[in-house]
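The next part holds the structures, each set out as structure tokens.
Look at the two complexes coming up: chain A is in both, with chain B in one and chain C in the other.
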Partner chain A sequence: MTAPVPRTAQVAAVLRREAAVERAGREALVTTAPFVAAFVVLAGLAFGPAPEDLAAAAGGTVWLALLVATVPLARTVAGTEIAEDSWDLLRGLVAPGALFAGKLLAAWAALLVTGLLAGGLVAVLFQVPVPPQALYGGLLGTLALAALTTGFGVLVASGSRRRGLLAALLLPAGLPALLAGTQLSTPGVPVLPWAVLVTVYAAAVVVAAWAVFPVLLEE
Partner chain B sequence: MTTRSPRSADRFLAVAAALAALAAGVLAVAVAPTDAVQGQPQRLMYVHVPAAWLAYLCFAGVLVTSIAFLVRRDLRWDRVAQAAAELGVGMTALAIALGSVWGRPVWGVWWVWDPRLVTTAVLLLVYLGYLSVRGLGDDRAAGARRAAAVGIIGFANVPVVHFSVVWWRTLHQPASVLSPDPAPMDPRMAAALGVAVLAFTLAGALVVRRRLRVLAVADTAAAPPAEGDAPTGVAAEPLVVVPRSRS
Partner chain C sequence: MTARADRRAPSRRALRPTYAVAMPGPRAIPLRPPSPGPAVPGGAAALRLSGVTRVHGGRPVWAPVDLLLTPGTLTVVTGPNGSGKSTLLRLAAGLLRPAAGTRACAGTALYLRGGAGLRTAQTVRAAVTGTAALAGRAQAAAAAMAALGLHPLADRTVGTLSAGERVRAALAAAVACRPAVLCLDEPTAALDERALDDLAAVLDAVRADGVALLVATHQPGVLLPLADAHLSIADGRVVRR
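What follows is the complex of A and B.
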């Protein structure tokens, strides 16, 4: 008889698998990076060229890019496994909590990279400073978006119709992250209420997504 | 011991809602004073605020009944969640529409990019998404599970809408009642608002009850007949043989 695999090892295994899938497909590199670059450049053209206009739109541009990037990212949450018919096997082998944690960490890492790329491009091209509280907002806001992405990604992947529903679910549900993240990226805005909002929202979404994730695996 | 039938409970709710609505109408139009700043358009508050209140109540109901469904796995909870979500979506749309009508004479525009307006519109989209999730597949139980998940996660936006007028400097006035620092209000206005809220709540309860009966019938009709049961409803219709067309 073999000993049960510890949860942390299961999480690490899921995370390694996600990294391997990313290495094999280069999804983030090939699709997300050009998307973010195009988004920031087009936003600069749309909102600029006056420096004060660009400064006002900088935070919102980063967070809108992040929010929109969750839609294609959510398609990949269970996309590879469903494409290769291994989804049933994976959810049978890995405990729901560990599967959620592994998928969540992978989505969070992808969103952090996306946020760093978008933030860096905006800081350079829009010539705006990055306030320290923006990093806090970025960390927790992307965590909340990653939880939403993971939950809704599995939810829509398990349905047979209405694949376009992902955008309709993700974009409105991510509103608090967009708002708090944008405010925390804007110099001169009071930090405390927005830091509280993003903290409470991230905690609420992660807990809610973790709680309902096993239900979504019951298909 | 006598038990009240669903129909008589509905009748009681309907009469109570109608009486409360009548009283609210009289209080709002004839008793409450005209607002010193906004004038007559302010009277829309007696419909706009109760609609928003009922929407919040419905969405809180969606959260509670979604959790109850996931714990109990009883489709009755899911039906309550669906009925509450449908009413909540309707009430949110009504609150937005009435707010727009109220905003036109007071702010001079039908719509402004005000945090309360935008977050309310986004809340409407969240619950429209919730209702759309129900049609993702053909399995009734799976649809209920997915909807419950969205109902729980989606509720995170409700407090944001309510507190948006506290956190932001906004055109929309702060909450008059459900606020950490409630604005002072003429007692006659408060009475009219309170009775209007009661009327909306009673009418909402009636609508949900009636909708629940429709949803229960739909679930019963869709459920496969138990072994040995005589086929009922649509299944009892005689089989119609459609002749093949000759090519």
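What follows is the complex of A and C.
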């Protein structure tokens, strides 16, 4: 008899599968990356050219790009799988907790790469310094957005009539990450309250998404 | 009401010569016993549904049904569109929660819709191996691909395969995971006559290896001669078996 697959091994297998699918299809690369690059360049043209205006808009530009990028990313959680009839096989093989963790880590990695791209472009084009607390906000803010993306990705994919609600649900739900991330990316802003907000928000969203994920799977 | 698929002595019939190009000679699918799962009351059953019902939107869509599948059997499910075939298969696979009744499965139960199940951007080799890895059986992928004659297609992307090839690729991935029960929802859709014969041969080999197959189809002609049981359903109930 074969031994049951350990949960950590299943999480790693889901993560490897997500990476392999992205390598093969380059969906995020050819959709999200050009979108984020265009967003940052257009924001620079809209808010500039005065350096002080660009400095004030820099953090918000990065986090708006990140927040909007969660909408197409959410479709890769379950929507694309359902469209390709691969979702049921995946559900049959992977325990809900491991499936959530694998999808969450994949979404987090995608958002971190997106954040690095957007942040790098803003730092170069807007010529603004990156305060150290921006890294903390970036790590936890993207984790919270990844958990939201994972939960809403499954919720919306489970019913065709609900797909139009994705942006309407996801964008306002990510508001705390947008606010805290923007403030932590702006030099001279008090760090503690925003760091506490993003920490509590990330913890709450991850726990809530983990708790409702198995229920959403059965819908 | 019990729809029982009696166990037959496992046939060791090899795949039909249709696969002669891809396969050097007759071979059984080299698989290990199913993964351990909760014990199924009543002996060597792969799956048992007892008094299972399903309610959707407040409306009952499946009357209480009993179903017993034993290892190495093929059960064909037929019925008109909307009769509840997919719901029954999804209940059997554990993808839907019954409103009442119990389900016990001696291992993993997998569900494939239309014979699909793999990501279209990946190559056949990557998709089958990646799927098998989810069950901790990546090492079984090559053998399953060989048994289903997929090595010539291994480096093609799934999206470029024909309907029949895609069904075989998905079956290879599922078989590599060594499920106790494999539920196939309309795997015969979009297949031509030759692909239907190929599919029948593949299913015969999968069954011979001890997997309990539950197959819903609108084209039962090619599968019924192989079947151990036939469920005819209508309006969310078994009307004949």
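Definition applied: the second predicted complex is superposed on the first by the 217 of 219 C-alpha atoms of A that agree within 3 Å, B and C clash if a C-alpha of one lies under 4 Å from a C-alpha of the other, contacts with A are read in each partner's own complex, and residues count from 1 in each chain.
In this text, contacts are C-beta pairs under 8 Å (C-beta built on N, C-alpha and C of every residue); 3 or more make two chains touch, one makes a residue touch a chain.
Because the structure is a prediction, the values reported are computed rather than measured.
> Mind working out whether A:E218 is in touch with chain B, chain C, both or neither, as first, second, both or neither?
It touches chain B and chain C both.
> Where does A:A195 make contact in the superposed view: on chain B (first), on chain C (second), on both, or on neither?
neither
> Quick one: is A:L125 in contact with chain B, with chain C, with both, or with neither? Answer first, second, both or neither.
In the superposition, A:L125 touches no partner, neither chain B nor chain C.
> Looking at A:V156 after the superposition, I want to know if it touches chain B, chain C, both of them or none. Which is it: first, second, both, neither?
A:V156 contacts chain B only, not chain C.
> Touching A:P172 in the superposition: chain B (first), chain C (second), both, neither?
Touch partner of A:P172: chain B, not chain C.
> Quick one: classify A:A204 as touching chain B (first), chain C (second), both or neither.
first
> A:L148 contacts which: chain B (first), chain C (second), both, neither?
In the superposition, A:L148 touches chain B alone.
> Which chain A residues come up in both lists, the one for chain B and the one for chain C?
Residues 218, which sit in both footprints.
> Along chain A, where are the residues that touch chain C in the complex?
Contacts found on chain A: 1-5, 9-10, 13-14, 16-17, 20-21, 24-25, 27, 81, 84-86, 88-94, 218.
> Can you list the chain C residues touching chain A in their complex?
Checking each residue of chain C against chain A gives 32-36, 90, 93-97, 108-114, 116-123, 126, 130-131, 133-137, 157, 170, 173-174, 177-179.
> Give the list of chain B residues in touch with chain A in this complex.
Contacts found on chain B: 70, 115, 119, 122-123, 125-126, 128-129, 132-133, 135-138, 142, 145-146, 148-150, 152-157, 160, 167.
> Would you tell me which residues of chain A are touching chain B in their complex?
Spelled out, the residues of chain A in touch with chain B are 148, 151-152, 155-156, 158-162, 165, 168-169, 171-173, 175-176, 179, 193-194, 197, 201, 204-205, 208-209, 211-212, 215-216, 218-219.
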